[in-house]
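So that we are looking at the same thing, I have put the structure below in structure tokens.
Letters A, B, C and D mark the chains as written, and numbering starts fresh at 1 in each.
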Amino acid sequence: MIDKVFSSPLDALEGLSDGATIMIGGFGGAGQPTVLIDALIEHGARALTIVNNNAGNGEMGLAALIKAGRVQKIICSFPRQSDSQVFDAAYRAGRIELELVAQGNLAERIRAAGAGIGGFFTPTGFGTELARGKETRCIDGRMHVFEQPIHAEWALVMAETGDRWGNLTYRKTARNFGPIMAMAARKTVASVHQLTPPGMLDPEVIVTPGIFVRRVVQVPRMAPGLAIHKEAA
Amino acid sequence: MIDKVFSSPLDALEGLSDGATIMIGGFGGAGQPTVLIDALIEHGARALTIVNNNAGNGEMGLAALIKAGRVQKIICSFPRQSDSQVFDAAYRAGRIELELVAQGNLAERIRAAGAGIGGFFTPTGFGTELARGKETRCIDGRMHVFEQPIHAEWALVMAETGDRWGNLTYRKTARNFGPIMAMAARKTVASVHQLTPPGMLDPEVIVTPGIFVRRVVQVPRMAPGLAIHKEAA
Amino acid sequence: MTLAYRKLSRIQMASRVARDIPEGAYVNLGIGLPTLVADQLPMSREIFLHSENGLLGMGPAPDPGEEDHDLINAGKQPVTLLPGGAYFHHADSFAMMRGGHLDICVLGAFQVSTNGDLANWHTGAPDAIPAVGGAMDLAIGAKQTWVMMEHLTRDGVSKIVAECSYPLTAMACVARIYADLAVLEVTGAGLRVVEAVDGLPLDELQRLSGVPLQA
Amino acid sequence: MTLAYRKLSRIQMASRVARDIPEGAYVNLGIGLPTLVADQLPMSREIFLHSENGLLGMGPAPDPGEEDHDLINAGKQPVTLLPGGAYFHHADSFAMMRGGHLDICVLGAFQVSTNGDLANWHTGAPDAIPAVGGAMDLAIGAKQTWVMMEHLTRDGVSKIVAECSYPLTAMACVARIYADLAVLEVTGAGLRVVEAVDGLPLDELQRLSGVPLQA
């Protein structure tokens, strides 16, 4: 019998190594798998490359991981925010490397990795600093930039409901990067708020089929308030 | 008030011109919008380029469109089947042009058009006849072929339930090409079996948001039996 | 001669933009000034607001106490969903943008050039930590990109320029500029004045703008 | 010396393949011979079958009269969905394949070369109308591509060849060959015999195959 359910977040990270590239879902607080990030801090892995839309807010979650000195490089679209003080300090001190990616290119590069696409041409970013040094091509009269897939060993995502096969649904805009990160990583760990008995998820409604998920762990719903930030994305 | 619902399939094709490229959903019979194809025959447009996984089965639907001499070119992955006699005859007589595309490249090229991607590198087809003359590139030690998006003026898709805003859900494997074709065409016409009152579709469950759909028309469910074929895809 | 004109207020600018958004439009309102447009859209028109974090059919802020922390906009503020709305993931959301499915995107700007280049993400200051978010995707994605901004900086310098000095967000992407002094159209052969605020003559608008304007 | 061996029947071949598919595997069974594997999978193992037309968790054919024409497999035959299954669109389905998420894909073949090239979609006959379907995507997509075929053509010619004469489906994609005479592994340095049917000595298998085989 297949049972991808792990009893604790820390157990679900077993095998994660120093130097790993880890995708972490979420857009600001929505969809950020805070409990899995806490487990990652407890786990102790170092020299990580993190892929996330942001670079941490406040002092919790991703910010706490950065503060603990575990992150060597971050690939993201929107690091600077009013409450990104932990990242800001690490960046200014030269303790963290930043690869800034336009948000849509970030999403598409992640999806490309999951879909086995070797790279693609996108109009986004042409003629800007973020395209500097990248291959360009005129396609149908419009200039495009070549972007490469972003692969990862691990993805940590927050879903709403899951089952022992790893099927997932999400809740509202907490969906964001979860489905594509789950596809792109070799090992995806999903935290879910509800574990449902086998066969209860409607097959029309499953957003992430279990094939993309290696491990599932049930966690309590976050206390409200932690997820709200006032900055742009 | 936005109301994308049209009263008849023929009305929903108003403005379609000779020479148009038209994506038609369906995988064999499942998801094939037969009523819209019948309306297309009635409409009378000629010299069409059709994008579909197959090239018609039996004498109905796409086969009837081909038989009526309206299709100049077909872009598909699996034309030849035991009941593709209409296409076979037209092809052997030199009356129809065939662009054969591996099924996954067909799907990804359609999605690329919908997603504004100018082209992508895929490992599928490298070293085969279907990659002849195409650009290749070694990425991470693996050979890839460059594939271009397939754009279309129109898409005709069959969905299950829709609303006046064009939001759609599908049914089982009739989903197949519908959601990506709806994205890729400038004007998408969706036939639905059920029209639902505004706001009744669960926002978590909508597969094709209305932004991708221009016109919706309610049609009766097809008689069973027409959709079954025994050939490979 | 005394010039008697008043700049549009932020709300007036938002109202002016809203006037040009037709029924049935799919629209993304960028962070900052453009978010004000939402409240100026007439209730009589059905317009779908897109938020790049995976939301179409965005409604107003929830009542206090009704916030749902899984339902936020691109500015990470709690919002609501209107009937007819839908959720989707980030790749699908940016496919909507990049694929040209949005009718209108309204963005703030640091600078717009006469050929429609946009600079709105980065001051280029050497010590600034850059952050781009969805700005570049929004700028190139919609059928029309409109800019909503003050015409002049606080120091009175024109934000409409011959060539952007700030780092670009995208090249030749802006179709219209809704500023507090005028509405301008980017024609491909320079800027055309659609309208100026009452009492502001073209030659004065020209002088303030510092780039050639067509009547 | 008389050689006393029997080729595996089609069901025996299917059973042999099924034996090697582990619990928890995500598997695509190609059109034709490989579809027989489904019925040989032990009920005690949970295995997810993928069908490229947008289905994971495919179950057996429905009872007569229970067919649902919106629920078909890649061969366009009515099937069922098992608990834990899911539906998705074609781009997502082929992302699953191309992205390397399937553990095993079992395909039929016209020919397999010693370096694992596969020919299974087209005889190359000048008057044939070609049709490829998902063959090329399946061949390159799974973590392991297995071929299931008769070892010899009806005319007794080896389908295992030094170089494919039929048009290729994909290069160097095959990991294993399950034939009715033997199970072979593609090592990257030729073919290794994992096992041969009872009574078939290696030298005879070698002679029939016409390409070098390692013990």
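The rule is simple: a residue touches a chain if its C-beta (ideal position, glycine included) is under 8 Å from a C-beta of that chain, and two chains touch if they have at least 3 such contacts.
Just so you know, these numbers come straight off a predicted model, no measurement behind them.
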Chain labels contacting chain A and also chain C: B
Inter-chain centre distance, chain B versus chain D - centres from mean C-alpha coordinates, in Å: 29
Centre distance in Å when chain A and chain B are each reduced to the mean of their C-alpha atoms: 33
Whole-Å gap separating chain B and chain C, where each centre is the average of the chain's CA atoms: 35
Where chain D touches two or more other chains at once, by residue number: 81, 87-88, 91, 94-95, 97-98, 141
Two or more partner chains touched - positions in chain A: 108, 111, 115-117, 122-123, 170-172, 204
Chain pairs in mutual contact under the definition given at the outset: A-B, A-C, A-D, B-C, B-D
In the complex with chain A, residue positions of chain D that touch it: 23-24, 26, 46, 48, 50, 56-57, 81, 83-88, 91, 94-102, 141
Chain C residues within the chain A interface of the complex: 31-32, 51-55, 67-72, 74-78, 81, 87-91, 93-95, 97-98, 122, 128-137, 140-141, 167-171
Complex contacts: residues of chain B adjacent to chain C: 1-2, 111, 113-117, 163, 165, 167, 183, 198-199, 201, 203-204, 206, 209-212
Chain B residues touching chain D - in the complex, by the definition given at the top: 27-31, 53, 77-81, 84, 87-88, 91-92, 98, 100-105, 107-108, 110-111, 122-130, 143, 170-180, 207, 222, 224-233
Chain B contact footprint on chain A (complex, rising order): 108, 112, 115-123, 137, 139-140, 142, 144, 148, 169-172, 204-205
